[in-house]
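Next come two complexes, and both contain chain A; in the first it sits with chain B, in the second with chain C.
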Partner chain A sequence: MSGRAQALLELADDELVLGWRDSEWTGIAPSLEEDVAFSSIAQNEIGHARALYELAARELGTTADELAFDRPPDDYRCSRFVELRLVPEWDQTIVRHYLYEVADGVRIEELRRSGDSEIAGLAAKIDREEVYHRIHAEMWIDRLRGSREAERADAAAERLYPLALGLLDEALRPVFVERVAAKTGWDFSGEATAPRGEHDDGWEPLWQEMTEVRRSEPGAKW
Partner chain B sequence: MVFEVFRQERKGQAFQHAGSLAAPDERFAEEYAREFYGRRGESQAVWVVPREAIHEIDDFADELERNYHRVDGYSLKEKLRAARERAGTSAS
Partner chain C sequence: MAGDDRGAAVGAGGEVVTADEVWAALAEVPDPEIPVISVVDLGVVRDVEVGDGRARIALTPTFLGCPALEVMREQIAERVRGLGVDAEVDVILDDSWSTDRITPEGREKLRRAGFAPPAPREAGRPQLVQLQSRIFRCPYCGSTDTGLENVFGPTPCRSLRYCQNCRQPFEQFKTI
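And now, the complex of A and B:
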């Protein structure tokens, strides 16, 4: 597989799995308004995954659905950071959401500068939606850090930050570290991060769930 | 806090009340309004207004029953029917 397809799959897998985890809040978010807003963000992430899979699929001679749902669990390249099931911890969910949006912003900026016009074009499109995700993440992180629960946010950051670094290639990490520190003062960049493609125990059950319907009728046209 | 949202469907049209939402502050209200009333391309723009900022007036004096001031005071329908009957033409 080309480096291009590999990079697209990493990104698509992150977006699909995060979208999936975020969608677990549908119906149980802290308020009705937030339920709609957060579900919509989850849906956007899955939409981004679809567009990225389609780009990779054209190169690999397959389809977005096959890439998203028909690969064996060990082939997925998502980061452990997005795999974590955080329901019902809203504070941790918000901290992950914020760290993800910062990292994703850094990554997308890089892709917009790509010499590959398809990738640069898609990155620009994705970024126009991500603007609103960042607004959402930042207003929540400000609220959480300004509340009595600020210490819980700090604790969540200590746990999640090293994993978030695993989203980015080493060359891009300093931008992430700088942006997060400027807003929150958090910097746990000294900790070991998780290499991409290494999954933990929650991954297999998540994959089972994600692909359950698709596997129930292999080859069906949905 | 409760915010009232007004939606403009097309440029130049009047804003109309779309609904209300609960949000802890204006930043949240704007983000929620975008999701509730804008993300399907159904609005050109929205106004997000804290409910307290709205002055409601619901007392109107009309002590002398001057019903010709009111939109329902002059029933054209009745008069039209009577006129049609006199002219011998049916109502439709």
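And now, the complex of A and C:
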């Protein structure tokens, strides 16, 4: 597989799995507004995954659905950070949401500068939508850090920040570290991160759920 | 439109179809989620080419996760096949669609249906302070005394606002 297809799959797998995790808040978020927000964000992330899989699929001679749902669990390249099941911990969810949006913003900016016009064009499109995710995430991180529960946000950051670094190639990590520190003062970049391909315990059950329809009805479309 | 082929094409059943006729037909295909406006009003049809008994339509998604995309694609193909030619609808995955592509007629149709049309894209990216500012006009009473309730709404393309003047919540198109 080319480096290009591999990079597209890493990004697509992250977006698909995070979209799935975000959708676990549908119906049970702390307020109706957040129920709508997390459902909408989930829909966007899965839409980005679909478009990224589509570009990879054109190169690999397959389809977006096959890449999303027909691979064995060990073939997925998502980061452990997005695999974590955080429901019903709202503070951890908000911290992950914020750290993800910062990291995703850094890598999307990089892809917008790609010499591959298909990738640069799609990255620009994705970035237009992600602006609203970043606005939402920053609004919430300010609210959480400015509240009586600020210590819980700090504790969540200590746990999640090292894993968030695993979303990015090493060359891009300093930009993430700088942006997060500027807004929150957090810097746990000295801790070990999780390499891609090293999955969380929650990954296998999530994969089972995500692929259940396609496994029971091969080639199913919806 | 750049790249349009205005020349005549011979249809599968012997009919002759021009790009203008395809555009006119597409102007009658409603947006699946907001049927008051057409896919042409929405600006998602980027290009139409006709030739060799078929029409090729370039379609741009609004938001990438919008489920209306597949429905639009099918309805466009069906409407064009109704003109007697084969239809091929290609989805373009780049940044060429913007809410700035919604036509002036489309914006007016949205407003009359109770959806506040999007602000212009301008140079910069949207920011929270902008969304919280009073530049957004209530589609019912015209007041700008409106506040942001939720960045997200019932579909990816809309935010929720509340008008302090006529005390109505309303849906505001996001600028992208």
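Things to note:
Here is the rule we use: the second predicted complex is superposed on the first by the 219 of 222 C-alpha atoms of A that agree within 3 Å, B and C clash if a C-alpha of one lies under 4 Å from a C-alpha of the other, contacts with A are read in each partner's own complex, and residues count from 1 in each chain.
The criterion applied here is as follows: a contact is a pair of C-beta atoms (placed from the backbone, for glycine too) under 8 Å apart; a residue touches a chain by one contact, two chains touch by 3 or more.
In this text the structure is predicted, and so the values were computed from the model without any measurement.
Model built by superposing both complexes on chain A: chain B and chain C clash. Using the contact criterion defined above for the overlaid structures, shared-chain residue A:132 touches chain B and also reaches chain C. For chain A, the partner touching the most residues, choosing from chain B and chain C, is C.
In the superposed model, A:54 lies in contact with chain C only, and not with chain B. Contacts of A:36 after superposition on the shared chain: both chain B and chain C are touched. In the superposed model, A:45 lies in contact with chain C only, and not with chain B.
In the superposition on chain A, contact of A:143 is made with chain B only, not with chain C.
The clash between chain B and chain C in the overlaid arrangement falls on one stretch of those listed (41-49, 59-67 or 77-85), that is 41-49.
On chain A, the surface touched by chain B in one complex and the surface touched by chain C in the other have residues 33, 36-37, 40, 132, 135-136, 139 in common.
Against chain A, the residues of chain C that register as touching in their complex are 61, 63-66, 93-98, 125-128, 131, 149-156, 160, 174, 176.
By the touch criterion given at the top, residues 31-34, 36-37, 40, 132, 135-136, 139, 143 of chain A touch chain B in their complex.
Within the complex formed with chain A, the residues of chain B that make contact are 21-24, 27-28, 31-32, 34-36, 39. Against chain C, in their complex, chain A makes its touches with residues 33, 36-37, 39-41, 43-48, 50-51, 54-55, 118, 121-122, 124-126, 128-129, 131-132, 135-136, 138-139.
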